[in-house]
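Listed below are the structures to be examined.
Two complexes come next, and they have one chain in common, subunit A, joined by subunit B in the first and subunit C in the second.
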Partner chain A sequence: MRALCTRAAFLIAAVWVIVSIAFLCVYALPGDPARLVLGQRATPEALAEFRLRAGLDEPLYRRYVAFLRRTAELDFGESLVQRRPVQDLILERAPQTAGLIAAAVASVLVFSFVLPILLRLLGTRSGLRVFERFWAGAAVAPPYVLAVVVLAIFAGWLNWVPAIFEPSQLRSWALPALVLAAYPTAIVLRLFHQQMEQAFNSPYVLRARAMGFSERRILLSEVLPNALTTALAALANGLAFFVTGTFFVEVVFGISGLGGLTYDAIRNKDIALLVGLCIVFAVSITAISVTLEAALRFLNPRLREAHA
Partner chain B sequence: MPERRTLRLWFACLCLGALAFLASSAPRLPLADPLSVDLGQALTSPSSNHWAGSDELGRDVVSRLVHAARSTLLVTAGATVLDILLAVAFGMLAAYRGGMADRALRFAIDLFWSVPFVVFVVLIVSIVGVSAVALIVTIGAINWVTAARVIRAETARLRRQDFIRAAEAFGFPSGAILRQHVLPNLRSTLLTLTAYAAIEVLTLETGLAFIGLSLPAPNPTWGGMLADGLNYFSSAWWLVAFPAGGITLTLLCLLLLARHFEDATHSRRATF
Partner chain C sequence: MSVRRHNLSAPKAPLAVTFTTVLLLFSISCSRPAALTQGPSLAILYNAEEQPTEKSAVAQLLQSEFRQKGISVRLDPVSNTLYNERLSKGDFEATLNLWYLDYNDPEGYLTDFYSKAGYRSAKYSSAEYDGLYLAGLLAPTEADKVRYFREAVTLLDHEVPWIPLYSNTEIFLLQPRAAGFRSNAYQYYDYRRVDMESIRASSDVEVQTLDPALAYDLASKHIVTQSYEGLIALDANSKIVPALATEWQFSPKMDSLTFRLRAGVRFHTAPFFKTAAEREVTSIDVKSSFERMLKSNSPYTYIFDHVQGAQEFKAGKSTDIPGFRARDKYTFQIVLDRPFPTILEWLLAPAAYVLPKGLPSNYDLSRGSVGTGPFILQSWDGVTARFVANPEYWAADETGRRLPYPKTLTLRIIKDANTALTGFRQGELDVLNVPLALFSDVFELDGRVKPAWHEYQLHEVKLNNLKFLAFNMQKGPWGNDLGLRRRVDEAINRDLLVKQLFRGKARPAYSVIPSGVPGFE
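Here is the complex of A and B:
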């Protein structure tokens, strides 16, 4: 219970740090914040009005408090290019990104847990090793390289998938999800395989064998509970990777999610939108990873002490 | 027949050495001008004239790749060095001073472990504009934590050993102990961490260039070239294949190096 409170306090501190850094980026870096937010073509009247509204003539701490309040109300201002509230844009695009990440997490789970278990139940050992090598090889290339190469091969050369992303078509999602899943799969799969072998060679499995348990029962009730938690913890720690990964994968495959929105914001120097996106990305990932970590600690007592 | 381990090490060193040589002496090499536009030669496939083909403006891809390696390697090296220096400084300080310093570092590690600070690199670089210095400082500033964590743990472990305690008992100043006893013992750990840091930095730098946060055009960067190639992925495969190959080969060599040093310290880490 006390651990839970510590994690909650940590989460609040982390969110505060995130918002403060975002504030400092806009107001403390060299450059005129009004020009940054309104762009280079803004009229003097608009600049003057913004200065007044954002309170740029007020001392820094007053602005900081105002920024905190607006952020707490999820008001990130207006996008420079699209002339719409940033929060609306983000809400509109978020489902695509969430869908992509969910598909990627699902494929990580399938490839690094379900398939190895099935292979083990079938009794093949070399199959798993080949499989592990394949993912390790794919993971050497960063997601953007992998995405471009995969797109060039499957859409440009083989013509198996359409070059234009079509959200309603299920098969359009396969490549982006697999590309995004490659790196986490390589790591989680290796860890899980390692843990599984370790468990199979442990005294408690020897005991189970001596007592005449079937291999299947040993795998499911003795080995898995131990092997799963460590690998799942690694997956939870890697969540941030999915975010940076979606950036690139969305840009390459032309998926109009938050990554695509960020890309447009960078191209257009749309700082208001970029600040909103940064805060949303950072806070949501932090919240998810802190929660998952707490949940895993709850599930696996050994992790409670291991983290020093 | 040498061991596979040794062969891998030689392969990695040879490739990285060749790359460093090409990058450092690019202006003196007999290469085409990476910026000279020749629209008559636009998008030609690889031939004896252009070994790796030419891009949409008729610029030679080989020459652009080699020149791009200059800025990419400069930023990678700079940010990696900064990264490791910060990690050594903070990691040792936390392990040796303990108390507040240690608690502060632990909080920083926790924070960096869960907050994706990469998004702030994007924000800061978009605001202050892209330059080698901005990239090195921002990337170096967010990447040191993983390494600091390892260095803190290793220093704390070393400190409990007899030879350090003996040195402390003799009354040597902490600075001397750290420099003469702790640092030499961290050598293979540091090599491993440096190789991993270089991988992370290169991935990030190229990724930023890929989404448009590269050094100003027309100077080529690997990530920028890959992004340009994306527009022609169905018609000009060489614009995708060569930058992608260059990035992946460099990362592979660094990974081989990292694994090699890691085997020397008998530890394997699973990281994202």
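Here is the complex of A and C:
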């Protein structure tokens, strides 16, 4: 119980720190968004009025205090450039990013755990090695390059999937999810494979074999609980990658998500929008990783004892 | 007015264009021995997030040409917001910039040089120029306007605050059935006559707003012009034609303009209409739309500067503009505080489009459009705009068939040029706007279409936009020394630029007003 309270306090502190850093970074970005919003014929008076209303000329500490107060009230303000409430913009874009990340995480789970276990059950060790090399190869390319290449192959050449993203078509999600999943899959798969082989060579598996357990039962009840935890923990730690990965994946595939929105907000120095996005990202990443950690603790009794 | 903000279309300059540029630069540097640099070096600032492929290719080409003539150049690409900041502070020597308008009036190209204007990319100021500019702007007749503006242009040609480079040609590839697509020199895209059940097209930059009063970037304009309309419009030949107004007339002294509205035009349905009668467009709606635009912080509030009472209204001293008169249900009059014929062209801007009087101030226009245009916006998710045909749209074609032909229209933001190209080839897009980044895929070096594209229709439109190099006239040595600026001007080979870089799909520009603008052909 105490551990949970400490955890919650840590979580709040972490969100506060992240949000403050986000605010300072955006504040320090060079450039003036007023002209961008008001256009080339804007008069100096119109520009001054815009800066006043957006609070662009206030000193740093006053803006920070005002910002903290509004954030505590869950009021993220209005986007400077699009002139719509930040909440609306984020809610409008969140579903597709959530879908993309969910599809990518599901792909990682399938490619890093489900398929290797099946391959192992079938007893094809070399198949598993080739599979691992394949993903290691795919992960070498930066996400942007990978996206362009798979699009050219699967949409342009083979014509298996549409080139232009259409959220209502399930097929459209395949390529973006795979591109986003490539790098984490390579890492998690390799780790899991290693852990699995290590477990197979451990004394407790030797004991199980001596007791005459089937290979299948050994894999499921002896090897997996030990091999899974480390790889799952690696996946949980890598969650932030999925968020940053969406930036380019969404831009290349034309997905209406938070990644693309962030990308535009940075370029336009859209302070309110950027800070709102940072808060959403910070809160969701910490929340998910805490949940995953709790799940891991449930899976692995040793972790429970260590923290009690 | 409004300068096109064509933002990052692809995170990297496409390889083919970069490669062509490098080859080009290489061949130039081989053909002639480099002259020794003489005199001061020139720093060229540009926005590397706005049409990045085109800007960097042009900048590099200029750099190499100038080097041949002994002028050393340093390129200074910066981000979007930083560019705006440095430009307004005057922290630059010269800048590569672009200018495009929403209406066919020469004044828009000249405002940048007026010493009291808001933007002033060249920081130019000259009492003589101001006199000519104002005389043209406030001229009582079109003929006088053109005469003063021509004199102003001559003055600029002499002093070289800008070096005009070229005007773009917009290229579209169309699926054979999409041949009815039209667009004009001011980039109004018309899908009404495309004879397809559903039509899909794309834009390559993000949309800033769905509110016509605020729309000044090209992507926003593309979307709002499908659902909203003004009193008048520009047709495919960039001529003014009737829209919500069927006829209009200036008073003999050119100090008031009266519109006769089309009867029976209805706004798209929306929850805030209480009765069916409220949906009909009347002169009250026009008046309230114009006042709404002035109240918003729109980039276009200047278009009503000479309307009686507009200044007081803008300053918050009055709640009504007497210069906007709803004389009867279908008669709307604009009363000006002086003879001002240019007001007609300025009314073409999307900021002067008509919305219903009863529109609540906090209404979210992304939930659905409330205009009178041919297509009704059904949904918008930040990337995709889905429209259905407006069954009550007023216009019909020459044979009496009702417009628009398509039942649905889908406009998508696709930032990556290669994705759009692949999608078009797979038949997922019906209209493809071909940016410079794709020229090497579509055109041979001499500008002919590559055989792979012969099955598609090619639609080419000469734009009345301008790409130019502006000097900071308040900063030495380039700003003070006419001889230096002339040397730069003479160092540019515009034909080479148009031929080699654009494969002939652009027009060399020699004047600050593009050659397609009325009175300056």
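The rule we apply is simple: the second predicted complex is superposed on the first by the 244 of 308 C-alpha atoms of A that agree within 3 Å, B and C clash if a C-alpha of one lies under 4 Å from a C-alpha of the other, contacts with A are read in each partner's own complex, and residues count from 1 in each chain.
Please note the rule applied: a contact is a pair of C-beta atoms (placed from the backbone, for glycine too) under 8 Å apart; a residue touches a chain by one contact, two chains touch by 3 or more.
Worth saying up front: this structure is predicted, and the values here are computed from it rather than measured.
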Let me test your reading of the model: by the given contact rule, A:96 touches which partner, first (subunit B), second (subunit C), both or neither?
second
Touch test for A:144: subunit B only (first), subunit C only (second), both, or neither?
both
Output check: A:134 vs subunit B and subunit C. Expected answer is one of first, second, both, neither. What do you get?
neither
State whether A:238 touches subunit B only (first), subunit C only (second), both chains, or neither.
first
For A:10, is the partner it touches subunit B (first), subunit C (second), both, or none of the two (neither)?
first
Contact-wise, after the overlay, does A:155 reach subunit B, subunit C, both or neither (first, second, both, neither)?
both
Contacts for A:42 in the overlay, against subunit B (first) and subunit C (second): which applies, first, second, both or neither?
second
Would you check which partner chain A:271 touches, where first means subunit B only, second means subunit C only, and both and neither mean what they say?
first
Where does A:248 make contact in the superposed view: on subunit B (first), on subunit C (second), on both, or on neither?
both
Common interface residues of subunit A with subunit B and subunit C?
29-31, 36, 144, 148, 151-152, 155-156, 163, 248, 251-252, 267, 269
What part of subunit C is in contact with subunit A in the complex they form?
1-3, 5, 7-8, 11-12, 49, 79-85, 87-88, 111-112, 117-119, 200, 202, 206, 208-209, 211, 214, 216, 297, 299-302, 364, 366, 381-384, 412-416, 418-420, 422-423, 425-426, 428-429
Going by the contact rule set out above, which residues of subunit B touch subunit A in the complex?
107, 110-111, 113-120, 122-124, 126-128, 203, 206-207, 210-213, 223, 226, 229-230, 233-235, 237, 240-241, 244, 247-248, 251-252, 255, 270-272
Note which residues of subunit A are touching subunit B in the complex, please.
10, 13-14, 17-18, 21-22, 25-26, 29-31, 36, 140-142, 144-145, 148-149, 151-152, 155-157, 163, 183-184, 187, 190-191, 234, 237-238, 240-241, 243-244, 247-248, 251-252, 262-263, 266-267, 269, 271, 274-275, 277-278, 281-282, 285-286, 289-290, 293
Which bits of subunit A are touching subunit C when the two form their complex?
29-44, 46-47, 49-50, 81-84, 88-89, 92-93, 96, 144, 148, 151-152, 155-156, 159, 162-164, 167, 248, 251-256, 260-261, 264, 267-269
